[in-house]
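Quick one: this structure, given as structure tokens, is what I'll be asking you about.
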Amino acid sequence: MSDHTDCGLNLDPQIKEDARRRLLSVKGHVDGVARMLERDEVYCVDVLKQVSAIEGALRKVGDLVLRSHLRNHVVTAHERGDTDAIVAELMEVLKYRK
Amino acid sequence: MSDHTDCGLNLDPQIKEDARRRLLSVKGHVDGVARMLERDEVYCVDVLKQVSAIEGALRKVGDLVLRSHLRNHVVTAHERGDTDAIVAELMEVLKYRK
Amino acid sequence: MSDHTDCGLNLDPQIKEDARRRLLSVKGHVDGVARMLERDEVYCVDVLKQVSAIEGALRKVGDLVLRSHLRNHVVTAHERGDTDAIVAELMEVLKYRK
Amino acid sequence: MSDHTDCGLNLDPQIKEDARRRLLSVKGHVDGVARMLERDEVYCVDVLKQVSAIEGALRKVGDLVLRSHLRNHVVTAHERGDTDAIVAELMEVLKYRK
């Protein structure tokens, strides 16, 4: 876990609550697909479509948090003097972004 | 939902069980991130990393099911005579694949 | 390079010509962006947009070839008896697909 | 084309030259695949692998320019007072990033 919370670089409370609610919805969706897989007959492509839908919902959560991070922490990095760390960390996160 | 299950194009039982267990693990991970968002202080990048990790785990579930679909249903499409439908459907699914 | 051409698994001639023409167009686009970078003043985001547009055009070439491969070679793998090789190779290619 | 060059938000000269050279290499690679498609016999998967390799090289160009944009323009947006525009534009570009 990062120690940036010590510096006050916290996720905006409203975004945090929005992301949390979306994740609970994603959790329900994942559970639904897991239960779909308990059925005797399941068509592969129906599973693939559900997995893609869940990935799309997660992507929206990621976009919310990313936009908030850019707006609240990245655009002020030069003033704070932590440009190198902020940029390196952001590029790393974007590398794994699906 | 597709009516391909009527034609016996069902997901292989072992893959189905493997995918189901992986989804339950993904569900736990999603829940963990939702609870992380209840804390007062959360750093955006820590959330983004967790979301990427969940996307990676979902991708593995999708790969399992996709490989099984290719092996069990796509390679036999010409013999069954449903090449057009199988290919169109697969290209559509791959389009949304993250 | 693969030895599948020995087995007659060749890219369909019409798709090959379509893909070739699209690649020549992509080549012109890439050259245009390289020349854009010779200017004194270039805005980063304009470059990023052009790079994304080129990636989109390449994706279409890949989709053309992939659909042709599925339709002409993958759906007949079981009849030919090379399911394992065809599926392993396809999953590998899809792994790197952007 | 953006009017940000009026505000001095230009791509760093060294990155510009590095990106330009990489694009000329990508152009050669694209041309090579176009010529590969003139052959009588070409295996689909060999084309798909080459297209993925080109996409990978383009991604590196995009990453170079993106990192430079973050480091030189995004981290100073708050000081300049154009946070809204910079963030909206960046999120748009990241949406289409493969």
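A, B, C and D label the chains in the order they appear, each numbered from 1.
Here is the rule we go by: a contact is a pair of C-beta atoms (placed from the backbone, for glycine too) under 8 Å apart; a residue touches a chain by one contact, two chains touch by 3 or more.
Please read all numbers here as calculations on a predicted model, not as lab measurements.
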Via touching chains, subunit B connects to subunit D in a minimum step count of 2
Interface of copies subunit B and subunit C: same or different residues on the two sides (over or under half shared)? same
Distance in whole angstrom between the CA centres of subunit B and subunit C is 24
For the pair subunit A and subunit C, the C-alpha centroid-to-centroid distance in angstrom is 30
Chain centres from averaged Cα atoms put subunit A and subunit B apart, in whole Å, by 18
Multi-partner residues in subunit B (2 or more other chains touched) are 66, 90, 97
Among line, ring, star, complete and other, the chain contact graph is ring
Touching pairs of chains in this structure are A-B, A-D, B-C, C-D
Within the complex, subunit C is touched by subunit B residues 63, 66-67, 70-71, 74-79, 83, 86-87, 90-91, 94-95, 97
In the complex, the residues of subunit B that touch subunit A are 1-2, 4-5, 9-11, 16-17, 19-20, 23-24, 26-27, 30-31, 33-34, 37-38, 40-49, 51-52, 54-56, 58-59, 61-62, 65-66, 68-69, 72-73, 89-90, 93, 96-98
